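Labels A, B, C, D, E and F are assigned to the chains in the order they are written; within every chain, residues are numbered from 1.
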Amino acid sequence: MKLEEMMKNDSPGHRIYIPVSKAEMSTTGLTTPPFTTLTISRPANGITHVELCVPEKDNELITAFWSEMVDCFKQIAEDSECRVVVFSGAGKLFTSGFDFMDVAIDLLQPVGEDTARISWGFRQIIVKYQEAFSVMEKCPKPVIVAVHGACTGGGGMDLITACDIRLCSQDAWFQVKDVDFGLVADLGTLQRLPKVIGSRSLVNELALTGRKMYADEAKSCGLVSRVFPDKETMMAGALEMAGEIASRSPVAVQGTKINLIFSRDHSVEDGLKHMASWNMSMLQTKDLMKSAQAAKEKKSLKDVVFSKF
Amino acid sequence: MKLEEMMKNDSPGHRIYIPVSKAEMSTTGLTTPPFTTLTISRPANGITHVELCVPEKDNELITAFWSEMVDCFKQIAEDSECRVVVFSGAGKLFTSGFDFMDVAIDLLQPVGEDTARISWGFRQIIVKYQEAFSVMEKCPKPVIVAVHGACTGGGGMDLITACDIRLCSQDAWFQVKDVDFGLVADLGTLQRLPKVIGSRSLVNELALTGRKMYADEAKSCGLVSRVFPDKETMMAGALEMAGEIASRSPVAVQGTKINLIFSRDHSVEDGLKHMASWNMSMLQTKDLMKSAQAAKEKKSLKDVVFSKF
Amino acid sequence: MKLEEMMKNDSPGHRIYIPVSKAEMSTTGLTTPPFTTLTISRPANGITHVELCVPEKDNELITAFWSEMVDCFKQIAEDSECRVVVFSGAGKLFTSGFDFMDVAIDLLQPVGEDTARISWGFRQIIVKYQEAFSVMEKCPKPVIVAVHGACTGGGGMDLITACDIRLCSQDAWFQVKDVDFGLVADLGTLQRLPKVIGSRSLVNELALTGRKMYADEAKSCGLVSRVFPDKETMMAGALEMAGEIASRSPVAVQGTKINLIFSRDHSVEDGLKHMASWNMSMLQTKDLMKSAQAAKEKKSLKDVVFSKF
Amino acid sequence: MKLEEMMKNDSPGHRIYIPVSKAEMSTTGLTTPPFTTLTISRPANGITHVELCVPEKDNELITAFWSEMVDCFKQIAEDSECRVVVFSGAGKLFTSGFDFMDVAIDLLQPVGEDTARISWGFRQIIVKYQEAFSVMEKCPKPVIVAVHGACTGGGGMDLITACDIRLCSQDAWFQVKDVDFGLVADLGTLQRLPKVIGSRSLVNELALTGRKMYADEAKSCGLVSRVFPDKETMMAGALEMAGEIASRSPVAVQGTKINLIFSRDHSVEDGLKHMASWNMSMLQTKDLMKSAQAAKEKKSLKDVVFSKF
Amino acid sequence: MKLEEMMKNDSPGHRIYIPVSKAEMSTTGLTTPPFTTLTISRPANGITHVELCVPEKDNELITAFWSEMVDCFKQIAEDSECRVVVFSGAGKLFTSGFDFMDVAIDLLQPVGEDTARISWGFRQIIVKYQEAFSVMEKCPKPVIVAVHGACTGGGGMDLITACDIRLCSQDAWFQVKDVDFGLVADLGTLQRLPKVIGSRSLVNELALTGRKMYADEAKSCGLVSRVFPDKETMMAGALEMAGEIASRSPVAVQGTKINLIFSRDHSVEDGLKHMASWNMSMLQTKDLMKSAQAAKEKKSLKDVVFSKF
Amino acid sequence: MKLEEMMKNDSPGHRIYIPVSKAEMSTTGLTTPPFTTLTISRPANGITHVELCVPEKDNELITAFWSEMVDCFKQIAEDSECRVVVFSGAGKLFTSGFDFMDVAIDLLQPVGEDTARISWGFRQIIVKYQEAFSVMEKCPKPVIVAVHGACTGGGGMDLITACDIRLCSQDAWFQVKDVDFGLVADLGTLQRLPKVIGSRSLVNELALTGRKMYADEAKSCGLVSRVFPDKETMMAGALEMAGEIASRSPVAVQGTKINLIFSRDHSVEDGLKHMASWNMSMLQTKDLMKSAQAAKEKKSLKDVVFSKF
């Protein structure tokens, strides 16, 4: 079943956390059976909520997770009803990452006739796993991640650093756990964390010692941009922020995300050049006039209807 | 009239805010008639004060602004009397940015026979507008920007992120307004803001939601390096800092700016290589001995006369 | 005498500051005579302590320093007993940098028949001096630098920004002094400082005005990741952190450092690609199973024996 | 039906052009019904022959082609029986490219409410079409393309420049046709052609005038590395070359392709660094000893059995 | 007088070499007095002919040349009547480059108080001189350069490697003369020549020995794409080629140049990404349908009227 | 014994191949005992001849070779008497590369407790071996390599592609042999060959099939820039070319090499920027006036005395 169909298929058991307002409340959000690790809902128009949902295993990133992420975000990328994504975890903590014991056992029983062939096999697995997080970056809709409890294990930091905006509750803590297991974190943390927070000394300390970082330090170092007292207010805050984004022109929002990511990996001059080639057409949108009109009339952008993008 | 001439042309109505000291006070600074949006003055030796001066329109970035910035900073770049620039806004706020309503109307009445030609026209406009801010980066003299009241609208953040040092008063607030108008910010914000502050989550939040950021957050996230109680003390502080910079060897100051910008867009290794090629000649300056002599004699650098550069 | 031999050559006069624990205390650390500016010791297993030791000259970076750094860190890179380095300064301050007066005199008596030849000579000196700090970055073992008192002069900031983790005591202050001497800092500060702290405005302010920054600001801007009340507790803290790192798998620790530095200078995508090529073999380490086993048994990693790397 | 299954499904009507030798002749190659534009066969062990097969339309790149290419090469990438690919065209010419008239009509009836939305739609199509050729580059098995008759139209040059080795028959001609249709070639020609042949003047001339280039010039400028008298001898030559490649260690062959492409887009230094990280594991292959042994015994590599990779 | 005005100002003494056809012959091309080193004419519709015209000094690149080039090509870039440029030299040879003797004398009487200041002055001159050639690359209209006799001296190779297509007559010879004068060629040869011809050994030989290269070698190594028997046939050939380019859609032609240059300096992947952002709007041109229609009707593109671009 | 001393230590048995002229003939060139694989001589002023001299083993790249290359070229880099290097092979062929059989045996008896540690060991070996060729590129003096007979085996192509100018005799042939031994060439061929010749199809063919390329194809594809009838005339030609280079200003020659290599790995714009920073001092050489004077007086540069560089 396609994501779009799932969403339309409403039912009493649907999961809607905190609709921003009645008017925006969507009837389409519901738990979709096809994904075993992700629950998809539409808490309000334009907002897709992806919930990591393996609570009985502390949201471990089990085998199914890696391919479901790719499927899920490819569909979200093409779902013109979705303008912004909120990603959170079900249960008592955000994620415990993948199970190193499982991984260790796999790694010690490698398939392949010699080291070159075993390595080649590992490389394909690493690349595939990296994609499970990069797919959020390639999706042009912004992803707000809301973290409560633990964000740890192999994969926890990799996951959240691939999101666009990070929020957390006061009880959250973060850990680059890989080093504790004899592993170099290979799913994005070492690449993205230094571009996500400003202090390189802190990045190195976290990655080399595996120590925990709590909510307040996460806020002051810039890993998260807001801390909320508890999960409930965080989810409300995340959805409110998502609502703000969803109410704005999708031409503006998605173009902003794409160009911010392009700029991260290029010089300022290259970024400006790409920006000009991008906007020479994107400026020709009716959203501009609609937005300007709303501003003139002191109307909320939530009352403006932008076409699908 | 050339910038240099204007400056020499002293008159009673000259604008000098806060001379660092009597000795440094220059007689050349004055409001120059040729620029309609910028007021140029020389509050002290070596310091050029550029004031955005369209107070009746809340320092809107009107049409004349874009070409005047280019003219102004090209002249400053060549003015060997100038060693540092202070940029601020006249009136009750720093800038309200450009008028989206005007822009929207222009964009909806495009000139050109088909989309390709209209796009080509827009591209040339974007590139030209980008240059109005990049010209500050290309100017080898450091630019200190002092923000009071609002720094908003399309262009506000683009402008200040292209400066070298950012200061603000307690009443200042900042906003990436473009998204509210259905626009991807295309004049530098998306390229420079992530390299100017450390928290990528915050960058994304600001650019995607258009929310306001106030002075304290601007300080804690690193957008500005100092906050002053009000505009007056801020201007005094900006000029004092400018005085410190102006008193140092221009060989050192301008070479520092050039290499800091080069390094931003290159690997550490490439930056070191360029640095070595740069300094192999720049070390051969008499300023080095003059500076060392002053240090030995516990003399202030303000009493050392460095040659023009 | 090779570094390894020196270390084995124990004696009563050895310098061991704060052994993390009895069990880890090494009998090999001692002051080695061959280096005139650096004292090498092994305060605990796996930890090499490099102390800048020219206290009678305020830890000035005298001529011998530059080549000794290269020799020292090349040996450390190859010393499989060493898993992490702590770098600190002997005496009342960390370093006063090199003596500009000496430099100025040298620079005014250049050797070479014309400017091109003099410049060429300077270039070779600059490149050689840059290497004295880059060698710490090229060494795959993490370097924790612990700063007390002053870190100033030409070379001070260059030195600490080339380290991986920065700690300081409450009395520490930092200064990019070069501009005060008519110099563009050419040994790494302009290249690394902007990638080490998040606020570009602050970087520019420090580099252009030469003002001092004290411990609290160094912490809040991210230059250091921890501040300690005094040197003694800082050294204890540095060694404890070093102990944490030394107890982890060297495969994980050194691979993490190498990939963090690679990622700094490449796009996220290139970083991920290199990561995959790296880990396809590095995952095939027994350290993974040993680490996982320890975790399962709730055993400290300090009790796990990892093979040399 | 999966590619692998198709291949196993032998039948009398299989297409085997020129088996390199009896011993290597495979019984698995055959025309597979599932692809409507591509015919897949296995003319000899380790060689997959992909034939563009729309002869009734001069091998036009019709709609089905674009997705079939992606499917086909993803399967080839994972088919461990395949070590090298030969790509050629059925019928009287290699390809006439896509039909601009069709494209023009589509482009003049765009879907989307405003220019921004239409542009966004086009962008997704362009990216998808680019992928149809890039997929050959991402496949680690080398692709030899054999061109006879015309290689023209939109897409012709884009296709062959994404292959690794180019061969042609004496009657072949090449054309960057896009400019004749008012189009900037956007599927790879402008990116790859300048990195495929040495003369930039010639690249520009071809791309800007749309003139035809014949076999001899294609050989002398380096576009192709061999010219054969006619299609039959060319196919024999292509398969012989493919046989040479297929007989060598797949660890060596595929690692060579991957690193050649990495190096094209990076500095020599970055290329060397990646190479070292790659080969640190790939050198640990038994193929090395098998190859060395064969060399010692003067045995043909075709008689060595390398494990699957 | 603006370029456009000059062109309109027809007179009997106008210089039109070889009109491609009567129909295309323009009445606007003429020698313009304002430039002292460049003669501008319009030999046919859409073609601007720029002739280096200092024949009495062997087309030496005299002082006026450097600023006139910038003025000239900035105007050409904005002249929507111009679709392609032909650049050639008047008199008996293409150019003898700049006069090293003059340069040497200037360089030995430098202005500036110390080496740093003299160096800074030289840097500004170098950057300004580099711009005189880069301006041809920044101009979106293709530049065909036609070389007869000598292309030598400082500046000769710098000039022609910044053009898009290189043609020469049989009597042409080329020389990187700088090394003979104790100079590193600093106006583009070392940057562009290796990206213009395929043999790096040849590039190095030419740049390090200063030897002459004649027409046949220039053709076989790819520096020029065509050799003509004499200047007259070369000019006819250049104008014919220019006519072919001018007859094609300016949207296609200029977009091709811009993307070819972008791709030279970026990875294939970055080039493809920029291409997609470019063409998402540029495909929306009526030129596509006009071109397709002409092709269908077997009409020459010269009979199609494309709008200005 | 240092290189410089060796050279001074003249003796009857010195090896001087073909002195360019009596006047230039140096008395210092001789076979130096310290290197077991390299013979160093000074056939004429300013020219260092490095001869690979293991003729009894077909110039195999035996173990000693790898470190001797590094020692040799580091000394050459600092030898101000040397302005250009000629590299050739003694005996009947240029080089047979390293012995794969030896390598294979080593690789199958790896040292290290697990795959990660074995890989790490291999990585250090690869990096060390890469350096043996890169050291020629880092040496600012141009290296002309003269190849006769075979240039094959692992290492042959890696060696010559790291040189600046390639010459060969008619009997020379070239081979990327690595693929025949189950190896990815990891010492520079895959990085440098594509930037050394223009045809990528040919590069791929050579690297993937291991086929031999003979002198004529090497010339036509641009691998070598000249072919000589036999070794004797080639050596004469190489020394004549070296003499031409040695007679030119070392400021110009070495600056040219450095900037050509910088430009290879950077965009044109970055290359121009570095060039300007380089030449702002290098233009201030007396060599310029000496060269100009010689030109004016029609004097050969061989009669001009340039200072050491």
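Miscellaneous remarks
Rule of thumb we're sticking to: contacts are C-beta pairs under 8 Å (C-beta built on N, C-alpha and C of every residue); 3 or more make two chains touch, one makes a residue touch a chain.
Here is each chain with its UniProt name: A, B, C, D, E, F = Delta(3,5)-Delta(2,4)-dienoyl-CoA isomerase, mitochondrial.
Worth saying up front: this structure is predicted, and the values here are computed from it rather than measured.
Annotation: B-C is the more contact-rich of the chain pairs A-D and B-C, by number of C-beta pairs in contact.
Interface subunit D/subunit E: under half of the residue numbers present appear on both copies, so the contact uses mostly different residues. Of the chain pairs listed in A-C, B-E or A-E, the one whose interface repeats that of C-F (more than half of its contact pairs identical by residue number) is B-E.
Inter-chain centre distance (subunit D to subunit F, centres taken as mean C-alpha positions): 35 Å.
Chain centres here are Cα averages; for subunit C and subunit E they lie 52 Å apart. A straight line joining the Cα centres of subunit C and subunit D is 49 Å long. Subunit E has residues 115, 118-120, 195, 197-199, 220-222, 251, 264, 266, 277-278, 280-285, 287 in contact with two or more other chains. The touching residues of subunit D, counted against subunit E in their complex, run 100-101, 103-104, 107-108, 110, 115, 118-120, 122-123, 126-127, 130, 134, 137, 178-186, 188, 190-192, 194-195, 197-205, 207-211, 220-222, 264-266. The part of subunit B that touches subunit F in the complex is made up of residues 262, 266, 270, 273-274, 277-278, 280-281, 284. Those residues of subunit A lying in contact with subunit D across their complex are 113-117, 119-120, 251, 281-287, 307-309. By the touch criterion given at the top, residues 142, 164-166, 195-199, 220-225, 241, 244-245, 248-249, 251-253, 255-257, 259-260, 263-264, 267-269, 271-272, 275-285, 287-292, 295-296, 301, 306 of subunit B touch subunit C in their complex.
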